[in-house]
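Here the structure comes first, spelled out in structure tokens, and everything after it is commentary.
Order of writing sets the labels: A, B, C and D. Residues in every chain begin at 1.
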Amino acid sequence: MPYEFKQTRSVEFSDTDMAGIMHFAKFFCFMEATEAAFFRSLGLSIFPQNSEREVGWPRVHADCDFKRPLRFEDSVEVHLLVREKKERAITYTFIFRKVNETPVTEVARGTIVTACVTRDPSNGRMIAIPIPEAIAGKIEVAPKELLT
Amino acid sequence: MPYEFKQTRSVEFSDTDMAGIMHFAKFFCFMEATEAAFFRSLGLSIFPQNSEREVGWPRVHADCDFKRPLRFEDSVEVHLLVREKKERAITYTFIFRKVNETPVTEVARGTIVTACVTRDPSNGRMIAIPIPEAIAGKIEVAPKELLT
Amino acid sequence: MPYEFKQTRSVEFSDTDMAGIMHFAKFFCFMEATEAAFFRSLGLSIFPQNSEREVGWPRVHADCDFKRPLRFEDSVEVHLLVREKKERAITYTFIFRKVNETPVTEVARGTIVTACVTRDPSNGRMIAIPIPEAIAGKIEVAPKELLT
Amino acid sequence: MPYEFKQTRSVEFSDTDMAGIMHFAKFFCFMEATEAAFFRSLGLSIFPQNSEREVGWPRVHADCDFKRPLRFEDSVEVHLLVREKKERAITYTFIFRKVNETPVTEVARGTIVTACVTRDPSNGRMIAIPIPEAIAGKIEVAPKELLT
């Protein structure tokens, strides 16, 4: 199912702040790590290390709604869903669920919009390009009912 | 002018990622640091250390639009503007401007919505409360023309 | 074997810096996360969330020798070994091995010294105390030959 | 005096952890930021952005002794001293002093050893090289009495 991916991770001590909860900026790192794992699950890398890197994925937009706090050693499932696939950009929805409690509850929901870019050889600047077929062909948009 | 606050800071090495630019999650830390400095400029602390802490300010929502990258040693002005002041929440707009280049350009624009909460003594949970007058009385909503 | 613990983790994008490698400060976060997992493997928490927390473990010393870089998506085994157990402090050695390459090589080696403390009820300050038997009884010092 | 440099900075909310104090890994980021500021004070950059970058400064060793905690909004002076200058490496001592309290006290003391490297054009690997005179000539070893 190339329109979603889930991974579960623990809140670590260095993710917390003095309010005793996971720092809000870390939710964005959790989203990004899940996006990278989604790419790996497709046999791709979000940032290949070899000389063949043709494209990069800078963030254009990110947001998050925080509903309940996460605490140290909580287990959180991060559920990535492909919300939109445009010619030069992908929009992901991320649903955070605290899974070490019954019932499992949604604690946060976020978005990352990322553009497909390459380096313009003439001046070194990043320019948006169509997502290469080798990537676009592996990614589908999730059914609407999963996104609401 | 208690509806805005500006601070300029440098992008540090630990703010960067392997794409050679400031990591997108750090923009949220810069917003939060500016909010804390805004409170200090009003004679307040966003998180008092002594026993008198009555209220906390958990994040309810955060977003950011990224327009141009920031790089190591760039100077960025973070401009906080109070966009909305409700009974139990404040919404801030943050405008990021790269100031070590002429012309100065807006590189990102973000939002934090933060709720005013206190701890319910009966069960220890956080509950939203009206912003105390000692704080609300010091904060104004910015003129609309500054927010567009 | 309550004198060692191993966990393997991936280098994430937000762990990297503009030099294209894992930022050196992140090695300390990896050490700490492994210490917390070691405690969980013993049925303990390094920082219990409930009201029964009697002791804390502030860091007294930390060091790391960096031999080879780690890069995005590298798999690194973090091997904790108890080097010393004193009445009021524990010293851990951490050996980092890059395991997604043959032969597996040691890329870094670090230390954390952590003191066992509790809050002095008379003034709220932290004071060192003997490690409670419920914890000390579960932790052994590793054989010398594993530490060299 | 090219053997020392001081900067004062505030502990930010995102520097703290759930123990209510600055997270220990952040001390290393503060050291590194002070090293970068020291270089800027000499008209240099620790990581030039243009194509002229000849050398890099990977960390070979880092350590820190933590004596007293730092808390949110504490002001800390980070005092860099050049402890050793070898042909291919520099060792810095960093003394952390909490300056928003009287008397000012030393709260931590750390070390970074950094090697001067360049990229071997034949295979892309980093190799240690003598520190270029344009840099070495600007940096002196601090008097011993400042280091004890």
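Assume a residue touches a chain if its C-beta (ideal position, glycine included) is under 8 Å from a C-beta of that chain, and two chains touch if they have at least 3 such contacts.
No experiment lies behind these values; they were computed from the predicted model shown.
J.: By that same contact rule, can you tell me which chains touch chain A and chain B alike?
T.: Shared contacts of chain A and chain B: C, D.
J.: Which one, B-D, C-D or A-C, has the same contacts as A-B for more than half of its contact pairs?
T.: Answer for the repeat of A-B: C-D.
J.: Select the chain at the greatest separation from chain B, using centres from the mean of Cα atoms.
T.: Following the centroid criterion, the farthest chain would be C.
J.: Per the definition at the top, count C-beta pairs in contact and tell me whether C-D or A-D has more.
T.: It is C-D, judged by the count of C-beta pairs in contact.
J.: Between chain A and chain C, what's the gap in Å when you average each chain's C-alpha atoms?
T.: 28
J.: Once you find the CA centre of chain A and the CA centre of chain D, what distance in Å lies between them?
T.: Roughly 33 Å, centre to centre.
J.: Could you grab the centroid distance between chain C and chain D? Build each centroid from C-alpha atoms only and quote it in angstrom.
T.: 23
J.: Return the residues of chain A touching two or more other chains; collapse runs of consecutive numbers into ranges.
T.: 13-14, 18-19, 21, 25, 29, 32, 47, 71-72
J.: Touching residues of chain C toward chain A in the complex: what are they?
T.: Touching chain A from chain C are residues 12-14, 29, 32-33, 36, 40, 45-47, 49, 71-73.
J.: Can you tell me which positions in chain D touch chain A when the two form their complex?
T.: So the residues of chain D touching chain A come out as 13-14, 16-21, 23, 25, 71-72.
J.: Using the touch definition up top, name the residues of chain A that touch chain B in the complex.
T.: Within the complex, chain A contacts chain B at residues 18-19, 21, 24-26, 28-29, 32, 47, 56, 58-66, 69, 126.
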